[in-house]
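What follows is a group of structures, each given as C-alpha cells.
In what comes next, subunit A is part of two complexes: it sits with subunit B in the first one and with subunit C in the second one.
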Partner chain A sequence: MESRVVNKGQISELLDKLAKDYNLIAPIKEETMTLFRRVSGAQDVLLDYNNSDISPKGCFLPQNEKTFSYMYTGDTLEINKPVGTQKTVLFGARPCDIKAILTFDPVFDGVKFGDEYYSSKRESTVIIGLSCAKVLSTCFCYAMGGGPCDTTGSDLLLTEIGDKYYVEVITEKGQALVDAYSQIIAKQDTAQLAKDKDELAKKLSGEFVRKVDLTGVKELMDNNFELPYWAGDDQKKCIGCGTCTYVCPTCHCFDIFDYTTGDFTGDRLRCWDSCMFPEYTLEAGGHNPRPSRKERIRNRFMHKIKYHLDRYNMVGCVGCGRCVNKCPVNIDITKIINDLKEVAQNA
Partner chain B sequence: MPNPTALTPYPATITKIDVEAGDTKTFTVVFDDPEIMENFGNQPGQVCMLSAFGEGESTISITSSPTRGKFLEFCVRRVGRLTSVLHQMEVGQKIGVRGPYGNGFPYEMMKGKDLFFIGGGSALAPIRSLIDFVLSDQYRKDYGKVEILYGARSMDDVLFKSDLAERWPAIANTGIYTTIDRAEEGWNGHVGFVPPFIEEVAPTPENKIAIIAGPPILIKLGLAVMEKLGFKDEQIITTLEMRMKCCLGKCGRCNVGSKFICVDGPVFSLAQLKQMPPEY
Partner chain C sequence: MMNLAQQLREQAKKLLEEKKVDLVIGFGQGTELARNTPVFIDSPEGVSALTWGPFCANNLAKYLVDYKNDPGSTAVVVKGCDARSVNRLLDDNQILREKVVVIGLPCPGQLEWQKVSAEIKPGSTLKEVVDNGDSYTVKTDSGDYTFNKKDYLLHRCLVCENPNPVISDITIGKEIPVKNYEERFAEVQDLEKLAADEKNEYWNKQFARCLRCYACRNVCSVCTCKVCAFDQMQPMWVSKRTNLSENTAFHITRAFHVAGRCVDCGECDRVCPMDIPLRKLNVKIHKDLGELFNSPTPGTEPGLISPLGGFSPGDPEEFM
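Showing the complex of A and B:
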C-alpha cells in the first residue's frame, strides 16, 4: 500500500482531530509511569518515550471489565450486557506491543469460542504504531521475530525521521483513516523517507545488547518437562509478586467475579489475573496442581516459549523486555531461554 | 444450539434439590427460556458454569444424561464460597447457567463394548451422565455389560444411593460394587479403599472400556491396578478437573501443558494423558 508524510509541526493538530473524532488512546505520563490512557487532545500525549511501563493491552483486554450487570432478588433475575463499542484509535504503540496483540487474537477470537468483548474492541480500533527511536538494554524483539520498525499488526506505522513522520499504510483500515485526514497525512514523494527508514531499522538492529536465540528451544522443551533447573537458585528467588504478568503484553489470563453494587444488584467483572499467584490454580477442595513457585515459574515460561507455540503457532513473547526490567529479583527470560538450551541439551 | 461464546449465563430456576450426603446436594435446574432448554444439546461428560449472583461462577459437571429429559442435574459438594451459597438456595430460586462445555465422553467408540465404571467420592457425579446415557432405553442395546465400582469414605458419603441400590441394579446386565473406607454399623457391603477393591473384583480387559474418575490419589493408584489387570492405555478413560474461570480456553489456568482441560478435555484417555505433563 501507499505511504504518506506528516510534518512534525502538524502532529498536534492530528492528535487533536483524532481525539475529537475517536476515543483516542495514547501514551501519557502519569506520575512516574508511562502508560496508555484515553486522552482529550495532543497536550496529554507523550510522544518522546522509549517503552511504556504498562503495555497498551488494556485497550482490548481492560484491567477491569464489566461483562454484564445483574439484578437478582432471589425470585427474579435480570441480566444486562453493556452495549455499543466506541470507535477507537490506539496511537503511538510500539511494534513489540502491537505484535503482542496478534498473540491475543487466536486466544480470544478462537476457532471454538469467540469473545464478543474483545472482538468488538478489536474491530472498532485503528492501531497507529510508532517505530522505536532507540533500543533499550532490555530489548530483544529481534529474537522473537519482530523489530524496532516492524509493521506487523499496525494499521498505520509512523516512523520519526528528521522533522517528519514517515507514514506507512498497512491495512484497509489504515487507508480509510489517512484518506479521512489527508490534509494532515499528506501525499508526498516518500522514496527518500523509505530509504531513511530502512537505514534506521538497520542501524537499530545492530544496537541490541541482549543475545537470545530461540531456535530449537521449543523442541528441546517438548521432551523435557521435568528439569531440576526449574527448582534452581535463579528461580527460587521469585517472590511471586506477579509483576511480570501484569506488565507482560502477551499475558492474557483473567479472573471472573461478582462485584456487589447494591442490595440486589451487582456487576460481573473480569480482571487481569496472574499465574504467579498460588490461588490461581487452587481448587476449592484444597488440591493445587501448581503448588509451589517451581511449578508456577515453569508454567509461565513454558507458556511463553512452548505452549503458546504449540497451540497457536506463535511464540508467546515479543521481547519487549518489561519483565526483565521490572522483576524485583532480576529474573530474566533471556537468561532462562539461554540456560534452558544448555540445560536441556545436557539432560 | 445456544451461543456458547458469551460470558453471560442464561437465567435458570432450581426445580428440585436432593440431599445426597451431609455436604452434597443434587440440584435439578431448568432454563427459564424453554427454547434454550430444548436446544441446549449437552453430551454426557460435559460441564457448565454455574452462577450464584453476588458470589461468581464455578465449573460443575452435568450429572444428568440428556436421555433423561429436558433438565440439568448438578451434584455439588459444599467445599468453597460459591458452593456454600448454592447449598443455601431453595427450590424456585434462580441461578445462571452457561455451557455446555468440554468434549464429553467418547460414547461412539464405546459401542459394542462392556463398560467398567470406577468412581471415588464425589467423582461419581461426572460419570453418572454416561452411566445413565448407556443404560437408557434408547441406547442400552448398543453396549454390553455395564459395571459400576464405587467407593465413598462412609455410608453417609455414598452419593446417588437410590441409583446404586435400586435403579441401576434393576436394569439387565449390570453389576454394582460399592465400598466404604471403614466398617460401619448397618453397612453390609465391602469395606476398604477403591484400588484394592478393583483388584478384588478383577475386571478382565477383553472388549472392555474402563471409565475412572476420582481424587488424584485414586486415579494414580487405580490406574496402576488397571494396568496390572491388563488394560491398555486406550481402554482407560478418565475425566479431569482443575480450577476454571471462563471454560472457553482463555482465562489460562486449567492448562496441562499445551492442553486446556475446559476445551480439550475434561475427558482424556490414559494414552492421551501420558502425552501430557503430570500437572493436574
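Showing the complex of A and C:
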C-alpha cells in the first residue's frame, strides 16, 4: 500500500483531531511510569518513550471488564449487557506490543470460539504503531520474529525520521484513516524516507545484545514434559507474584466472577488472572494440579514457547523484555530459552 | 569487593564440605551486568557462583521459610537490613535458630540496577566494582563508570540504619560506619505536612495504579501467613477486580498487618512494578511507633517485643 508523511510540527494537530473524533489511547507519563491511557489531546502524549511499563493489551483485554450486570427483583431477572463500542485509535504502540495483539486474535477471535467483548473492540480500533528509536538491553524482539520497525499488525506505522514521521499504510483501516486526515497525513514523495527507514531498521537490528535462539527448543519441549531443569534455581527463587504475567503483552488469562452488592444485584466481571498464583489452578475439591512453583513456572514458559505454537502456530512471546526487566528476582526468559537449548543439544 | 566474594565462597565451601549446612542461599551474577540474582548452592563445587557487591538488593532471608522443614540446616547471605528480617523471623517462630547459619556482610549500599544499567554500554561485561566511599566505580570491558551513592543508591540505602548485620554467625568484611545521605523521615515528614485531602489525593493516585500482582506481599519477609486473606475466595474480602477502593483496602490492610513487625528492608518498594512508594507507608508507621512507644525498628535486636504485639500489666491505659 501507499506511504505518506506527517511533519513533526503537525503531529500535535493530528493527535488533537484524533482525540476529538475517536477514543484516543496513547502513551503518557504518570509519575515515573509510562502507561497507555485515554488522552484528550496531544498535550499529554509521550512519543519519545522506549518501552511502556505496561503494554497496551488492556485496550482489547482490560484488566477489569464488566460482561453484564444483573438484577433479580423476586420474579424477574434482568440482564444488561454493556452496549456499543467506541471508535478507538491506539496511537504510538511499539511493534512488539502490536505483534502481541496478534497472538490474542486466535484466542478470542478464532474459528472455534468468538469473544464478542474482544472482537468488538478489535474491530473498532485503529492501531497506529510507532517504530522504536532505541534498543534496550532487555529487548529481544528480533529473536521472536519481530523487529524495531516491523509493520506486522499495525494499520499504520509511523517511523520518526529527522523532522518527519514516515507513515506506512498497512491495511484498509489504515488507508481510511489517512484519507480522512489527508490534510496532515500528506501525500509526498517518500522514496528517500523509505530508504532512511530501511537504514534505521538495519542499524537497530545490529544493536541487540541479548542472544536468543529458539531453534530446537520446542522440539525438546514436545518430547519432555518432565525435565530436571524445572526443579532448578528459577523455581527456588520465584516469589510467586503475578508481575511477569501482568506486564506481559501476550498473557491473557482471566477469571470470571460475580460482584454482588448483596441484594441480588451485581456485575459479572472478567479480570486478569495469573498462572503464577497458586489459586489459579486450585480446584473446588482442594486438589491443585500445579501444586508448586515448579509446575507453575514450567507452565508459564511452556505456554510461551510451546503451547501457543501448538495451538496457533505463533510463538507466545514477542521479546518486549518487560518480564526480564520487572521480575523481582531476575528470572529471565532469554536465559531459560538458552538453557533449554543447551539441554536439547546435550540430550 | 571481589576479595569479599572470594572469602564468601571459601566460607560457603567450608560449611557445605563440613556438612554444617545442606544449602547456601546467596547472590550470583544475574542476566544484566548491574544485577544479581538469588542462587541456591547445595554442593561445595557450586560455590563459585556466589558473588557480592552493590547489585545484591534482594533480601534473601525470606527463603529460609521455604527450607524450615528440611532436615538439614541452611545458610543465608544477609546484609544489615536483611539481618533484621532474620531476627524477626526467629521472633515469629518462622525459623529455628539452630537450623540457620547467618553469613553477614557489612553493606556499603545497594545500587538501583535500572538506573546504573541505563548508563552502561549494553552488552558490557563486569570486571570489578570499587567502593570509593561516597561512590562506586564499576569497571567493565567497555570502560569505567562512576556512580555517586547519593544519586544511584536505592532510597532505603540512603537512610540505612544498619549497614552491619545485626545477627551474624560468620561475618565477612570490616564493620562499616553508618552514613546517611538523607534524614530518615524526611520523605514522610513532607507527606505529613499535606492537608488530609491532599494526602488522600496523593495515595489515591498511587493505589489506582496497583495491578495487584502481590509482589510486595510475596517478597515481604514478615508476610508469612499460610493463607492470605487476599487470596481467599470464600469469603472474598477483596475481589480480583482492581479499582481504587479494593486496591486501597489491600494496601492499608497490608501496611497495618506488618506494623510493628516490618523491618524496613524496603523490598516491597523495590519490587513494585508500578513504582508505588510502599515504603513510605511503613516508614510512617515506624516513625509513629518510635515517637509513641520509643520503639526501635523491628528486628534490630533479637527478642524485641513488638509494640503492637505485646502488653505490660503496668500499662497506664485504664482498660488493662
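Worth a mention:
Just so we're on the same page, the second predicted complex is superposed on the first by the 339 of 347 C-alpha atoms of A that agree within 3 Å, B and C clash if a C-alpha of one lies under 4 Å from a C-alpha of the other, contacts with A are read in each partner's own complex, and residues count from 1 in each chain.
One rule holds for everything that comes next: a residue touches a chain if its C-beta (ideal position, glycine included) is under 8 Å from a C-beta of that chain, and two chains touch if they have at least 3 such contacts.
Treat the numbers as computed from the prediction; the structure is a model and nothing was measured.
After superposition on subunit A, the partners subunit B and subunit C are accommodated together without colliding. Of the two partner chains, subunit B is the only one that A:107 touches; subunit C does not reach it. In the superposed model, A:121 makes contact with neither subunit B nor subunit C. When the shared chain is aligned, subunit B and subunit C each come close enough to touch A:255.
By the touch criterion defined above, A:283 lies against subunit B but remains apart from subunit C after alignment on the C-alpha atoms of chain A.
Once chain A of one complex is fitted onto chain A of the other, the partner contacts of A:273 extend to both subunit B and subunit C.
In the superposition on chain A, A:246 contacts subunit C only, with no contact to subunit B.
With chain A as the common frame, subunit A serves as the apex of an angle whose CA-centre rays point to subunit B and subunit C; its value is 90 degrees, to a multiple of 10.
By the touch criterion defined above, A:299 lies against subunit B but remains apart from subunit C after alignment on the C-alpha atoms of chain A.
Of the two partner chains placed by superposition, only subunit B is touched by A:70; subunit C is not.
Taking all C-alpha atoms of subunit B against all those of subunit C in the superposed arrangement, the shortest distance found is 6 Å. Touching of subunit A by both subunit B and subunit C, each in its own complex, is seen for residues 255, 257, 273.
Residues of subunit A touching subunit C in their complex: 30-33, 35, 53-54, 63-64, 135-138, 207, 209, 233, 236-237, 239-243, 245-247, 255, 257, 259, 269, 271-274, 277-279, 324-326, 328-330, 332, 334-335.
Residues of subunit A that touch subunit B in their complex: 67-68, 70, 72, 74-77, 79, 81, 107-108, 110, 112-117, 225, 252-258, 260, 266, 268, 270, 273, 275, 280-285, 287, 289-290, 295, 299, 302-303, 306-307, 310-311. If you check the complex, the residues on subunit C that touch subunit A are 30-32, 35-40, 58, 62-63, 66, 114, 117, 122-123, 205, 209, 211-215, 217-219, 231, 233, 236, 239-243, 267, 270-271, 273-275.
Those residues of subunit B whose C-beta lies close enough to touch subunit A in the complex are 4-9, 11, 32, 51, 53-58, 77, 79-83, 92-94, 96, 215-216, 241-243, 245-246, 248-253, 255-258, 263, 277, 279-280.
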